[in-house]
Amino acid sequence: MITAQTVSDNLEKLREQSPLVHNITNYVVMNSTANALLSIGASPVMAHAPQEMEAMAGIASALVINIGTLSEEWVEGMLIAGKKASERGIPIVLDPVGAGATPFRTKTCHTIIKHCKPTIIRGNASEIMALISSEVKTKGVDSTQSSEEALEMAKTLSQETGAVVSISGPTDFITDGEKVISIKNHIPLMPKVTGMGCTATTITGAMAAVCENQLEAAAYAMSIMAVAGEMVTPKAQGPGSFQMHFLDALNNMKSKDISKYLKL
Amino acid sequence: MITAQTVSDNLEKLREQSPLVHNITNYVVMNSTANALLSIGASPVMAHAPQEMEAMAGIASALVINIGTLSEEWVEGMLIAGKKASERGIPIVLDPVGAGATPFRTKTCHTIIKHCKPTIIRGNASEIMALISSEVKTKGVDSTQSSEEALEMAKTLSQETGAVVSISGPTDFITDGEKVISIKNHIPLMPKVTGMGCTATTITGAMAAVCENQLEAAAYAMSIMAVAGEMVTPKAQGPGSFQMHFLDALNNMKSKDISKYLKL
Amino acid sequence: MITAQTVSDNLEKLREQSPLVHNITNYVVMNSTANALLSIGASPVMAHAPQEMEAMAGIASALVINIGTLSEEWVEGMLIAGKKASERGIPIVLDPVGAGATPFRTKTCHTIIKHCKPTIIRGNASEIMALISSEVKTKGVDSTQSSEEALEMAKTLSQETGAVVSISGPTDFITDGEKVISIKNHIPLMPKVTGMGCTATTITGAMAAVCENQLEAAAYAMSIMAVAGEMVTPKAQGPGSFQMHFLDALNNMKSKDISKYLKL
C-alpha cells in the first residue's frame, strides 16, 4: 500500500542498497539524470554500445531505456540490453519520449515493448496515448493531453503489455491495468525544466530495483518526485534554480518531508 | 524597428505562441539550450536521426542546426531536415560552431548553406569570418577576433547567402547585408559559460518562428540574451551561478527589465 | 616540488596561457567539463569525428581521452587524435571510466594506452586496478576499492606504461612509479555529483598543457579540485548547489584559498 510511511521506508531501502541503474538514455538528460540517481542514493551508469550491453545489463539492478534522442544505431544496444535484463529478471523501465511526434519513435517503442517486455512504461499523457492510438500526436516531446484523458488508454496499454503504466502530469496516475494510484501534487515549474520526466523515469528504475511490486515502485518514484518538487517550490526563483535545488532536495529528503507534502 | 518596446512585444508573442523549435545540436549544450527554450517560453525538441528528420522538421516552427560536435553521420540528418524546413518555409538558423578550427567544420557549413539556405547564420567573429576567408582561424570554438573586425565580412556573407548574419561579442552586430543593428551590452561572464552562443542561436530560432522579419528576429533574440545577462550580473558569483540565474532571468524577464537594460 | 605556492603559481600560468584542451569525452560530462575548463581559465573544445581529429589535435595544447560513454565509432577518432598528439609531443590524459565494468572498456583502454602512449592516466581506484588485474570489478563507473588499495597497482601501471598515474578518492595519490604525492582533502559531497572525476581529468589536461613535469601537473590539478571542494563545502546544501558553487570556486580561487585549504 502507498502511504507516506511506505514511501519513506522504500526510499530508505533504496539508499541502503544503492542499486546500479543502467541507463540507455538521451543526450539531453544524461547529466541531470545521473545526478538525480546519485542524489537519491543510487549508482548510475550510462552506456549504449552493443559491445558492452550484455556485460553492463548483466551487473545492473535495473535497466532504463529512454528514446529521447533516438537513432537507429542505438536501438540495437537497447534490444541486447533489454533481452539480457529480461533473462535476468531485473526491472526494465521504458520512457517513450516523443512517441507520437514521429512514426520512427512510435514504431521503435513498439519494437522495444515486444522484444524487451518492460515492467514499467513511464511517459507523459500524449506519449502514453500515442502507444495505443495512432491519432494522438505529440508536440515534440511535450504533452498536448491531460493525464486524466490518458488514463483509460494507460489501462489498456497496461493490459496489452503486462507493464505498469505511469503517466506524469499535474496529477500523476500509475496503473497496472486495474488498480490506479494517483498523486495530486501539482508543481507548475516542473514542465519548465527539461528532463524532469526523464528524471522521474530513472528514479522509477532505481525504485523498481529495490521493490518487488512494480506498481508500488512506480508510485514511490512519482511520490519522491512530487515531494522534491514541493520542497523546492518555495526556494526556486525560476527553472534554473528549481533544477539545482531539486537535486539538493532528492539528497536531503527526510521522512517528515514526505509526510508533510505528499498528496495521494 | 528595434526598440525596448518591440523586443518586449515580440517576447510576449513568443510566450503566447510557444513555438516548437527543432534542434539538431551538439552534445555539450543539449541540456542548457533545451532549458533556455523552456525558460523563454518555447518548446524544444532535440532530434537528429535521418529516419525522423522529415517528420520532425514537418511539425516544427523553426529549425536550428548547430555543428558543435559534428560527425559525418549527423550531416545527413541536417540536410534532410534543412530541405524539409526550406520547403515548408520555416526559418532555419545555422550556428557554425568552430568553423575555421578544422576544414571539416568549415566545409560542412558551406554544404549546409548551399543545400538548406539558412535564413539566419549566428556565430562568433572568428566563425563568421572563417566562412568567408580561409585565412581566419578559430581557437577551438572560441573567437580570436572582435565582432567589429568581422562586420564587413558578415555583410559579405549575408549578401552571398541571403541569410541575416548575427555576430556575438562584447558588441553584437546583426546585418542583412545592408542594415546593421548593434547591441552594446557587454557581459564579461558570458564567455566563461559554455554554450551561451548556442543559447543565443536557439533563442534566435524561437524568435524567428514568431517574427516575419528575420533581421528583427535575430536582433530581438540578441537583445533578450543581453538583457538576461544584465539581470544576472549583479547576482552571479561566478560562471556556475551565472548559468543558473540566466535561466531564471529568461523565465522572469519583464518589459521593465528590457527598458532598463537594453543598450541599442 | 608541490606546495601551496607552486600550485598557485601554476594556476596563474594556466590562466595566462589559457591552453586549448581537446576533449574526446563522454556525453554525461561534456557540459560540466567544458564549464570547468572555462572556469579555471582554459579553452575547451569537444570534438570526436575522425575527419577532424588530426586538425583539432594539431592545434590543441593537450588531449583528453575519456571513455565514459564509449562506442566503437569513437575509438577510431581517439586513436587518430592520440597518434597526432603523440607526434606533436603534447600531453595526453586518459580517463579509463568504467574500466573493469565491461571487457569492452578494459580492452579499449589497453588499445589506447598501447597506441597513444598517454602521459597521464587518471581514474578512481577500481578503474586503475582493473587496468592491471582482470579480477578487479567496477560497479558501473563507481569505485568499490579505496585509493590506498590501488596505490601499488598504480605504481606498476605507471612503470609498465610510462604514464603518471593519478588516483582520486578520499585521499588522492599521484605517482610516476617511484615518487608518490598524496592529497588528503576529503570532500564527502564530491562522489554525489556526476563527472567530478572527469572534471579532475580535464583540469589535469589543462595543467599538463602548461607544465613540463607531468607528475607535478597531475598533482596541481588534483590540488585545485581539492581546494575548490573545500571552498564549496560550507556553502553547498546538497549535490546540486555543490556543482554550481564548484564552477564559481574554480573561477574565483586565489592564492590564499590554496594556502588555507590544501592538505598535502
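Per-chain residue numbering starts at 1, and chain names A, B and C are given in the order in which the chains are listed.
Please note the rule applied: a residue touches a chain if its C-beta (ideal position, glycine included) is under 8 Å from a C-beta of that chain, and two chains touch if they have at least 3 such contacts.
These numbers were taken from a predicted model, which means no experiment stands behind them.
Interface chain B/chain C: under half of the residue numbers present appear on both copies, so the contact uses mostly different residues. Relative orientation of chain A with respect to chain B corresponds to a rotation of 120°, obtained by superposing CA atoms and rounded to a multiple of 5.
For the pair chain B and chain C, the distance between C-alpha centroids works out to 32 Å. Residue numbers of chain C whose C-beta contacts span two or more other chains: 27, 31, 73, 243-244.
For chain A in complex with chain B, the touching residues are 26-29, 31-32, 68-73, 98, 101-105, 137, 139-142, 191-195, 237-241, 243-244.
Residues of chain B touching chain A in their complex: 20, 22, 27, 30-31, 34-35, 38-39, 43-49, 51-52, 55-56, 59-60, 73, 243-252.
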